[in-house]
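One chain, chain A, links the two complexes that follow: it is found with chain B in the first and with chain C in the second.
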Partner chain A sequence: MKITFPHMGTTFIPIKMILDELNIEVILPPKSNKRALELGVKCSPEAICVPFKIITGNILEGIEKGADTVFMLTGCGPCRFGIFHALQREIIHDMGHDVEFLTADRFSNYEGLREFSQRLKEASPQNSYIKIIRTIKKGLKVLDEVDTLYELTNKLRPRELNKGEVDYIWAQFENDIRTSYGYKEVMHVIKKYHLQLKEIEVDYKKPCLKVAIVGEIYTILENYINLNIERKLGNMGIEAIRTTSASEFVREQLDFIPFMRSQKKKIYKAASKYLDIPIGGHAINSIGNIMRAVKNDYDGVIHLLPFTCMPEIVVQSILPTIEKEQNIPIMTLVLDEMTGEGGYITRLEAFVDLIQKRREMKNEGKSFSWY
Partner chain B sequence: MKEKVFLGIDVGSVSTNIVLVNENKEIIEKLYLRTMGNPIKVLKEGLNNIREQYADDIQIMGVGTTGSGRTLASFMVGGDVVKNEITSHAVASSTYVPDVKTILEIGGQDSKIIILRNHVVCDFAMNTVCAAGTGSFLDRQAARLGVPIEAFGDLALKSQTPVRIAGRCAVFAESDMIHKQQLGYSQEDIINGLCEALVRNYLNNVGKGKEILSPVVFQGGVAANKGIKKAFERALGCEVYVPEHYNVMGALGAAILAQREAQRKHQTNFLGFDIADIDFQVKGFECQHCPNACEVVGIYKDDLLAARWGDKCGRWTNINLESPVA
Partner chain C sequence: MSIKIGIPRGLLYYEYSPMWISFFNELGTDVIISPKTNKKILNDGTISTVEDACIPVKLYNGHVINLQKKVDYLFVPRIMGVYKNEYICPKFCGLPEMVKYSVKDLPKMINTKIDLMKKDKLKEAMMEIGSFITKDKKKIIKAYHSAQDNYLTHKKNQKNKWSGSNKNILLMGHPYVLDDDYLNMNIKNKLLDEGYQFITPDMIDEEIINEYALKYHGKLFWLFFRQMIGACLYMMEKNVVDGVIYISSFGCGIDSVVAETVERKIRRESDIPFMLLIIDEHSGEAGFNTRLEAFIDMLKWRNQNENHLSTHGNYVYSH
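Right, the complex of A and B next:
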C-alpha cells in the first residue's frame, strides 16, 4: 500500500512521521503549489471553497507519484469539509484513477479515536494497537513541536537584524523535514532548527505592532493559499500572531480526554457577546479570538476566509459591529484561486499604514476615537 | 535659483499620472496619460515631456510612486517613497479637503472607499472578488454604445425614465443592457441606468457596513462622470464633492509623501531625467527550483540587471546571482 494525503500547512510532518513509524509507505505530494491548484480547480465544483480544490490537487499529485491509497479525515459537522472525502472519491474515480480511500472521523470522541487506530491497523496489520496508540501520541508531540517552532519564526521575523534570515532557515527546515524518516529523525531536525533560530541576531527591544490572524483554519494554516501573509507582515515589521494552529485544533477535538487542555471554553466565552451558538466551521473561534485580541491590546485583526465559506461569511457580517464597539481595525481578505497577489499586497500595506498611524496617535496621548 | 519641486507618479492600470508640486503643495504640472498596457514607455514619455518643459527651472527634491505599478516605477526613476494607492489617496484628499470624512475612489480596475475620522484613515475597503462597476467597465460600454466616454456623464443627466440594469457582474450588466436596448429604451436612459447600477453595486459591495458621513469626496478617473456623481448624491442623500485634480489624486498623494520623506532625510534617490533615454526591459521566468514555481521578474537597464523580485524564498532577489534569463 502506498498512501498519500493532502497538505494543510505543516501537518504533513506528524502524519508522515506516524505512517513512517508504522512502516506504511508514504507518498508525500509536493507542497501546495500552482500546479496542484490548477489540477484541483479543473475537476472541482465551481462554487466550492478553495481548500477543497487545492486538497484535490494535492491528492492528484500524490496519485501521479504512484500512490494507491488516499488518507482523508471526514466527520459530520464542521463545514463542507465533512463531505470532502466522498466528493473527492467520486471525482477521482470518475477520472479513472483506481485508488482506495482510507477515511477516519474527526477524533471528537473515544469512538473516533478508536476508528482512527482501526484504520491504521488495517493499513499495517503487523503493528499492535499499543504501538499504534503510542505512535499517535508521538505524532501529537511532533505536531506541538512544529507549531512552537513556527510560532517562533513569527516572533523573530519582524525583529531580526539581518533581513531574510528567518525565511532562509525556515526554507531549509522544510527541505530537511520532508526527507527525514521516523520520530527520532524528525525530532532531531526540529531541535536543530530550533537552535539555529535561537541564534539569529534579533532586537528584542524593538516595539512591534501586533496583528491577530483569525478566520477559517485552512486559509490560516496553508501559506500557499494565504499568500504568506505572516511572512509579508513580518517583513514589514509587524508581528503576525495566528490565533489558531493545527495542534490547537486537534486539542479542541480531543479535550474530552481528561488531561487534554484546549482554549475552547475561553474562546467560546469571549465570543458569547456576539455569537453564542456554534454555527459550524471556526465561526465562534474567529469571533472569540478577535475579542481576545481586543483584550490583549492588539493593533489590528486580519480575517481570512476562502470565497464561499459559509460560517465565515456570517462572521464577516458581525465584524462591522465589533469594529465599531470594540474600536479595533479589522480587515477581511477573501481568498480563492482568482486572488491576485498585487491587490492583496496593496490592501495589506494600507492596513499596516492604518494601524501604524493609530499607534502613533495613541502613543502621542491624543485621544483616538472613531467618531 | 531653481524651484524646489516634488515628483509624484501613479502608475495605474488605465492611466499613468505624473505631477509636479512645489513646496506649498501647489500643482505646477500634471500629466494624465493612458497607460495602454505599456507603463515603461508611457512613464518615459511623461518624464521626457517634463524634462523638455521644466528641466532648467526646477530641482527635484523627492520622488514618490504609487499605483499598481509602483514598484516598477520606483526602480525606474529612483523613488524615495513607494506607497499603496489607498494611503496615497487618503493623504492627497485630506490635504486638499482637510475635514473629509469619506472618500469614494473609483479607478480603472478597482474601487475603494476610505473612511477618515479626525484626519486619520480609520477604515477602508477595496473591491475584492469582482471589478464590475469600475472605469474599465464604463469604458467598454461607452465603446459599445459608440459614445465617447467624456460624453457619458452628460448624456446620463438627460435621462427622463429610470431604467434598472443588473449591476452585479460586468458581463451580466452588459447582457441586461442589451436586453433593455431591445425593449426600446433611449440611450440616455440606459446610460443613466448603468450609472445607477454602478453606484448600487459599489455601495452594496465595497461600501457595505461602512458609515458614510459627509463631507464626501469622490475621486479617481470615474469622478469625471457627472452621471455617477449625481447617482451617488441621490443614493447617499448628501452632496458629493469632486476635487479639482480628482484624476491625479494618487500621484498628488505620492508627491506629498515624497516631500515628507525629503524633509526627514534631506536627499533624494531620483536618478535624473536622463532615465527617459535609457532602455528598460523586463524579463520574467518561472523558477523551477521548488514547487512554489515563483514568477521571478527582472528589470534590465540598458541590458544590465537592475533589480529582481517576485521570488518567495529570496533566492533571486540577490541580483549578484546569475540570472537564467539574461
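Right, the complex of A and C next:
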C-alpha cells in the first residue's frame, strides 16, 4: 500500500512521520505548486472553493508518483470540507485512477479517535493499537514543535539584521524535513534548525507593527495559496501573527480529553459581542481573534478567505461594523486560483502604509480615527 | 393596535410560511409579508449585502428592507438544522447577524435559534418566539399545535401534485430558488408553455427521498444535499423524466458540490440530458431563454428521431 495525502501547510511533517513510524509506504506529493493547482482546477467544480481544487491537485500528483491509496480527513460540519472526500473519490475514479480512499472522521470525540486508529490499523495490520496510539501522540508532539518553529520565523523575520536569512534557513529546513524518516530524525532536524534560527543576528529592540492574520484555516496555513503573506509582511518589517495553527486546530478538536487545553472558550467569549454561536468553519474564531487583536492593541487585521467560502461570508458582513466600532483597520483578501501577485502586493503595501501612518500619529499623540 | 410581525419572503419562507403565519395569526398579531420579489427588492438587497454572498441571501436582505419601516418586529429565525445531524448552510446559521450588520435601522428582531437536530426542540423554540408577543403560555401552546397541523396539511397537499404525464422535466435546486418566480425567471411557466410538466424535489415523498438518499456513498449532512440526491436517484431509477434542469445561484456553496455530484451520477449512469443554469443579480432574461429553448428543442428532437441523431453528427449513444 502506497499512501498519499494532500498538503496543508506544514501538516505533512507529522502525518508523514506517523505513517513512516508505522512502516506504511508514503508518497509525499510535491509542495503545493502551480501545476497541482492547474490539475485540480481542470477537474473540479467551477464554483467550489480553492482549497478543494488544490487538494485535488495534490492527490493527483501523488497518484502520478505511484500512490494507490489516498488518506483524507473528513468531518461533518456545515462547511464543505466534510464532503471533499466523497466528491474527490468520484472525480478521481471518473478520471480512471483506481485508488482507494482511507478516510477518518474529525477527532471531536473518542469515536473519531478510535476510527482514526482503526484506519491506521487497517493500513498496517502488523502494528498493535498501543503502538498506533503512541505514534499518534508523537505526531501531536511533532505538530507542536513545527508550529513553534514556524512562529519563531515570523517573529524573527521583521527584526533580522541580514535580510533573507530566516527565509534561507526555512527553505533549508523544508528540504531536510521532506527526506527525514521517522520520529527521531524529524525531531533532530527540528531541533537543529531551531538552534540555527536562534543564532541569527536580530535587533530585538526594533519596534515592529503587528498584524493579525485571521480567517479560514486552509488559506492561513497554506503559503502557496495565500502567496506567502507572512513572509511578505515580515520582509516589509511587519510582524505577522497567525491566529490559527494546525496544532491549535487539533487541540480544539481534542479538548474533550481532560489534559488538552485550547483557546476555544476564550475565543468564543471574545467573539460573543458580535456572534455568539459557532456557525461552522472558522467563522467564530475569526471574529474572536479580531476582538483579541483589538484588545492587544495590534495595528491591523488581515482577513483571508477562499472565494465562495460560506462561513467566512457571514464574517465578512460583520466586519465593517467591527472595524467602525473597535477602530481597527481590517483588510479582507479573497483568494482564488488567480495567482497574479501584482495587485495583491499593491493592496498589501497600501495597507501597510496606512497602519504605519496610523501608528505614527498615535505615537505623536494625535488621534487618527480609522473612520 | 395589534403587534405587526414582518416575515421576509425569502429563503425558508417558502418551506415554512404556513406554519409561521398561522402561529402568529393565532397569537393575534398582524402578519405582514413582503411582496413578491421585484426589481427594487433585488436592487436594495444587492446594494446592502456583501458582494460574495449568494443571490438568495441578497434578496432576503432586500425583503427585509422592504419591511423595515412597516413592522414592529422582524421575524428572522436562526435555523441551524431541521433534521437530526443535518445542517442547512452556514449562511442560515448566521442569517440574523448578516441581516443585522448589513441593514441599518432595523426594528426589533425575533431571532430565536431553531435547532431541531435534537429532539423536541421545535416546541421550545416556538415558546420563545411566542414570548415576544404574549405572556400567556397556554395560548402559545395552542397556537403551536394549530400551526403544526396547518404545516402538515400544507406538506401533504404539496406532495404528488405531479400528474404523471409523459413529458416531464425534473427541476432541481433549492426551494427558495424554485419557488421565487422572479429569481428563476419564471421557468415553471416557460416549461408549461412548451408542454412539459415539471417535477421538483418537494413533490416527491420524504420517505422515498430518504430511501434513495441512503444509496449515495458518503455522509449527507446537508438537508438540501439529501433531498436532491434522493430525488435525482429516484427519478433516474423510475426513468420517467426526459431531462434534468438544475438551477443554481452563483456562489452557492452547497450547489457547487451537489450539482457536480448529480451531474456526474446522471452522465455516468443514464442517458438523461442534464443542464445547469446559474442565476445571479443580472436580470437579463435573453441568455437564459436561449439556453432553455435550446435544451427543449434538443429534447423534442430526441423524441422525434427514433435513431437519436444528435445535431452535431454523432450518435447520442456513441459512448
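Note that the second predicted complex is superposed on the first by the 367 of 371 C-alpha atoms of A that agree within 3 Å, B and C clash if a C-alpha of one lies under 4 Å from a C-alpha of the other, contacts with A are read in each partner's own complex, and residues count from 1 in each chain.
Assume a residue touches a chain if its C-beta (ideal position, glycine included) is under 8 Å from a C-beta of that chain, and two chains touch if they have at least 3 such contacts.
No experiment lies behind these values; they were computed from the predicted model shown.
Chemist: Label the relationship between chain B and chain C on chain A in the superposed model as either fit or clash.
Modeler: With chain A aligned, chain B clears chain C, so fit.
Chemist: Would you sort A:66 into first (chain B), second (chain C), both or neither based on which partner it touches?
Modeler: neither
Chemist: Once both structures are overlaid, what angle do chain B and chain C make about chain A, taking C-alpha centres and a multiple of 10 degrees?
Modeler: Nearest-10 rounding gives 80 degrees.
Chemist: Kindly classify A:275 by the partners it touches after superposition: chain B alone (first), chain C alone (second), both, or neither?
Modeler: Second partner only.
Chemist: With both complexes superposed on chain A, which partner does A:207 reach: first (chain B), second (chain C), both or neither?
Modeler: neither
Chemist: If we overlay the two complexes on their shared chain A, which of chain B and chain C does A:45 touch? Say first, second, both or neither.
Modeler: Second partner only, chain C.
Chemist: Mind working out whether A:307 is in touch with chain B, chain C, both or neither, as first, second, both or neither?
Modeler: Touch status of A:307: both partners.
Chemist: Should A:35 be classified as contacting the first partner (chain B), the second (chain C), both, or neither?
Modeler: Only chain B; A:35 stays clear of chain C.
Chemist: Quick one: is A:334 in contact with chain B, with chain C, with both, or with neither? Answer first, second, both or neither.
Modeler: both
Chemist: Looking at A:90, would you say it contacts chain B, chain C, both, or neither? Reply first, second, both or neither.
Modeler: Once the two structures are laid over each other on A, A:90 reaches chain C alone.
Chemist: For A:320, using the defined touch cut-off, is the partner it touches chain B, chain C, both, or neither? Pick first, second, both or neither.
Modeler: both
Chemist: What is the minimum C-alpha distance, in Å, between chain B and chain C after the two complexes are superposed on chain A?
Modeler: Shortest inter-chain C-alpha distance (chain B to chain C): 5 Å.
Chemist: Intersection of chain A residues contacting chain B with those contacting chain C?
Modeler: Dual-contact residues (chain A): 307, 317, 320, 334.
Chemist: For chain C, which residues count as touching chain A in their complex?
Modeler: So the residues of chain C touching chain A come out as 49-50, 52-53, 78, 85, 87-91, 93-94, 97-98, 101-102, 113, 217-219, 221-222, 225, 248, 250-257, 259-261, 264, 268, 278.
Chemist: Which residues, counting only chain B, touch chain A once they are in their complex?
Modeler: Chain B residues touching chain A: 68, 83-87, 110, 117-118, 120-124, 126, 128-129, 209-211, 290-293, 312-314.
Chemist: Over in the complex, which chain A residues touch chain C? Could you list them?
Modeler: 45-49, 74, 76-80, 82-83, 85-87, 89-91, 94, 274-275, 277, 279-281, 283, 307-311, 313-314, 316-318, 320-321, 334
Chemist: Using the touch definition up top, name the residues of chain A that touch chain B in the complex.
Modeler: 30-36, 164, 167-168, 171, 224, 228, 307, 317, 319-320, 323-324, 329, 333-334, 336, 338, 342-343, 345-347, 349-351, 353-354, 357-358, 361, 368-371
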